[in-house]
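Working notes for the structure below.
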Amino acid sequence: MQTGAKKRNKLATLEEALTHIHDGTTLMFGGFGGVGNPPTLVEGILQKGVKDLTLIGNDAGFPDIGIGRLVSRERAKKLIASHIGSNPVAGKLMTEGKLEVEFSPQGTLAERIRAGGVGLGGILVDVGIGTIAEEGKEKISIGGKEYLVEPALTAEVAIVYARKADPFGNLVYDKSARNFNPLVAMAGAFTIAEADEIVPLGELDPECIVTPGVFVDMVIQSKGVNWKWVWE
Amino acid sequence: MGVGVESRNRIAQRAAKEIKDGMIVNLGIGIPTLVANYIPEEVHVMFHAENGILGTGPSPAPGEEDPNLCNAGGYPVTLQPGASYFDSAVAFGMIRRGYLDITILGALEVSEKGDLANWIVPGKRVPGMGGAMELAQKAKKVIVLMNHVNKQGKSKILKQCTLPLTAKEAVDLIITDMAVMEVTKDGLLLKEVMSPYTVEDVIQHTEAELILADRVTRL
Amino acid sequence: MQTGAKKRNKLATLEEALTHIHDGTTLMFGGFGGVGNPPTLVEGILQKGVKDLTLIGNDAGFPDIGIGRLVSRERAKKLIASHIGSNPVAGKLMTEGKLEVEFSPQGTLAERIRAGGVGLGGILVDVGIGTIAEEGKEKISIGGKEYLVEPALTAEVAIVYARKADPFGNLVYDKSARNFNPLVAMAGAFTIAEADEIVPLGELDPECIVTPGVFVDMVIQSKGVNWKWVWE
Amino acid sequence: MGVGVESRNRIAQRAAKEIKDGMIVNLGIGIPTLVANYIPEEVHVMFHAENGILGTGPSPAPGEEDPNLCNAGGYPVTLQPGASYFDSAVAFGMIRRGYLDITILGALEVSEKGDLANWIVPGKRVPGMGGAMELAQKAKKVIVLMNHVNKQGKSKILKQCTLPLTAKEAVDLIITDMAVMEVTKDGLLLKEVMSPYTVEDVIQHTEAELILADRVTRL
């Protein structure tokens, strides 16, 4: 019966969540420019001393904000993202050969993650044709128009930030902190959600749930942001 | 498919035993719909409807139906706590990602390798595959509920399907009015026989090769 | 200034909506087994006498329910759907050669419509491999695994049913009547939404809007369902 | 890019004139952000932020910032009535479907055919393309705001871009501290000159070939 109970009640501690994240883990994260990165999980990963991560997400945050805290402290060996412009340390590490960076156009990256999340093999996109972004990519013609074959992305572990969660893992987000989070939540083989507020089952409006709990494996209580925003 | 009420209920009751606490389950139309009636109260299940609900509850009382709250078969349902609505793309995302623990479907034919045919009878009936291909190909466990033989008395459990397939090597368990059979690497394992039938009856009405379990249970 | 005003206030009459639907129009529709088909638009199309439609949507409804009313009255020359099992008239017309039917597995159909809606060329799916559903489809290998290339679907006109709409075209749906509607709403070159209730701009919760108004071109008031459900 | 405050504001002010009532508009970071300040009150615009907002409003008053309500540049915004939140996949769905009437971006180089380069300086600065490829390739009208020349005083408006492209033949209008130029089939059309510069100044500081409009306006 324990398995059944665990599938219904996914509440856990930060420590339990961290047992799923090791040196070398492929880790996907929600968030956009720091907004919507899960602060408690990032801090936990830092504290645990995990290294050699392969990170997948929109960007490298800022040096001391969000996922950028892992990047600038050299916890990642590789990053798949759409830009690293807001984190100069990431650029420096890349130039020094300490961080491998693979770029995808932002909308393509979002769709590749979503494709992984819904079990597709990939998507066909015409964005980037005629630029170096098409290099090394297979092309295919649909109705006489050329498209790039963009493979789906998944990860061993996905970490997301939500406004509210229930014990089944149903999630709602907060304003623009939604961004990549619902996509990333679907694309993890093991998805950990950090929520500002954990509410009883049945309390979230079924019409407004953005991520159905079936995609989520674990829910932890957020301790909130422990960094200063760029605009503060 | 011409199975009597009692037999349909017995098949559904047997199928319900496969459903364990905490599972995510999709029930097809026909006999599979009846399975929900036989799940014990202490077994909490999230039912998935591929039109876009996770967590459907029992049928509403007459007069309480909401036309906009229906299962994939078009019949009114209710909601369980923790349920959510989503679009059909997300509904199938769940399926393709393998989050369905069990899907229970009807079939026209099943082969001893677990091939499933249930969407087209060329030149006769072409209803289309609906969501059956995804469900059969992607659910962790695929259970087929059907009559053991067709209207002509011929076995629907074959060495090879004659109809176009819904999915190859997809079925895990077959429950009919005569027997319960598991698709294994070695072939079709006869595990249980429904009374009043005997093991011999089942063998006689099954075109596919059957392996007898060490102990065939009589139900 | 009229263009600007029209882009903000998309409220229109059924008659105005019907000026966009002609003989031969490729028409995509939301709904699943009749639930969520837009009843007022279906009735309007019937009354207008439009024929030779190419319909794209999940199914053929029931003979006297939803989109099925157009199919069984022979207003369509072609249907792209996942099944027609609930509408025997559709099956009969198909057998008689009066209706061309193209089948897609349901999840593939949903993703093809979504792909059209978000401007992708198509998707890669492994569903249907090893069956006749793969016939005539291009195959591609991603990481050693085979996928079918499934082209995106769009339509000249898309019709959807919503619970509430605002004048900009923001939409929320109703329970399982959501189904294909949000996908179809994105995939029309011209999208008409029929809503039970039209509310002032700003009244819908921005967190719970399912279809942002930018995808919608016209909003009309629904007159409600004018058929009897199968379970009634 | 080393453009003075006055000049930045003048560029933004000129760009604002391109924005008409009812448009869906995406503003990039840097000078493009300033454009919002110059849109007349009677011109109602829905601003699109590619992180997942349609309908952002002005910056909040100091102390009223919500860290979870920011634009794509990471700075706090507010909401207009009719606004909605969605995930980044839908945000780019809107872009790829061509629903953005105008996108306003910065650039490192623009060619006379409208090629845009703004995401990489090989071996030096590799910030990544972010959402610029989609925006430049898919918006109905692409407006580039930038300094006319680089720090070395060399033209950023070239016959051919030397840097890797963000998008080919994408730019419709270039607004710099010196001039306003439209990309036409026949080439780059010089339409307006910013004082104190003269047509001759602009020609001298532009590597690309310029076609003079019948009447070059002095701003």
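The letters A, B, C and D name the chains in turn, as written, and every chain counts its residues from 1.
The rule is short, and it goes like this: a contact is a pair of C-beta atoms (placed from the backbone, for glycine too) under 8 Å apart; a residue touches a chain by one contact, two chains touch by 3 or more.
Going by UniProt, the chains are A, C = Acetate CoA/acetoacetate CoA-transferase alpha subunit; B, D = Acetate CoA/acetoacetate CoA-transferase beta subunit.
Just so it is clear, the model here is predicted, and its values are computed rather than measured.
Ranked by how far their CA centres sit from the centre of subunit A, the chains are topped by B.
For the pair subunit A and subunit C, the distance between C-alpha centroids works out to 32 Å. One simple way to say how far apart two chains are is to compare their mean CA positions; for subunit C and subunit D this gives 36 Å.
We define each chain's centre as the mean of its Cα atoms; on that basis subunit B and subunit D are separated by 57 Å. Counting partner chains per residue, subunit B shows two or more touched chains at residues 85-86, 89, 92-93, 95-96, 138. Contact with two or more other chains is made by residues 111, 118, 120, 125-126, 173, 175, 206-207 of subunit C.
Here, these are the chain pairs in contact: A-B, A-C, A-D, B-C, C-D. Residues 20-24, 43-44, 46, 48, 54-55, 79, 81-86, 89-90, 92-99, 138 of subunit B are the ones that touch subunit A when the two sit in their complex.
Across the interface of their complex, subunit A is touched by residues 49-53, 65-76, 85-89, 91-93, 95-96, 119-120, 125-134, 137-138, 164-168 of subunit D.
Within the complex formed with subunit D, the residues of subunit C that make contact are 1, 3-8, 117-120, 166-168, 170, 186, 201-202, 204, 206-207, 209, 212-215. For subunit A in complex with subunit D, the touching residues are 32-36, 58-59, 62, 81-86, 91, 94-95, 101, 103, 105-108, 110-111, 113-114, 125-128, 130-133, 163, 173-183, 210, 225, 229-232. Of all the residues in subunit A, the ones that touch subunit C in their complex are 111, 115, 118, 120-126, 138, 140, 142-143, 145, 147, 149, 151-152, 172-173, 175, 205-208.
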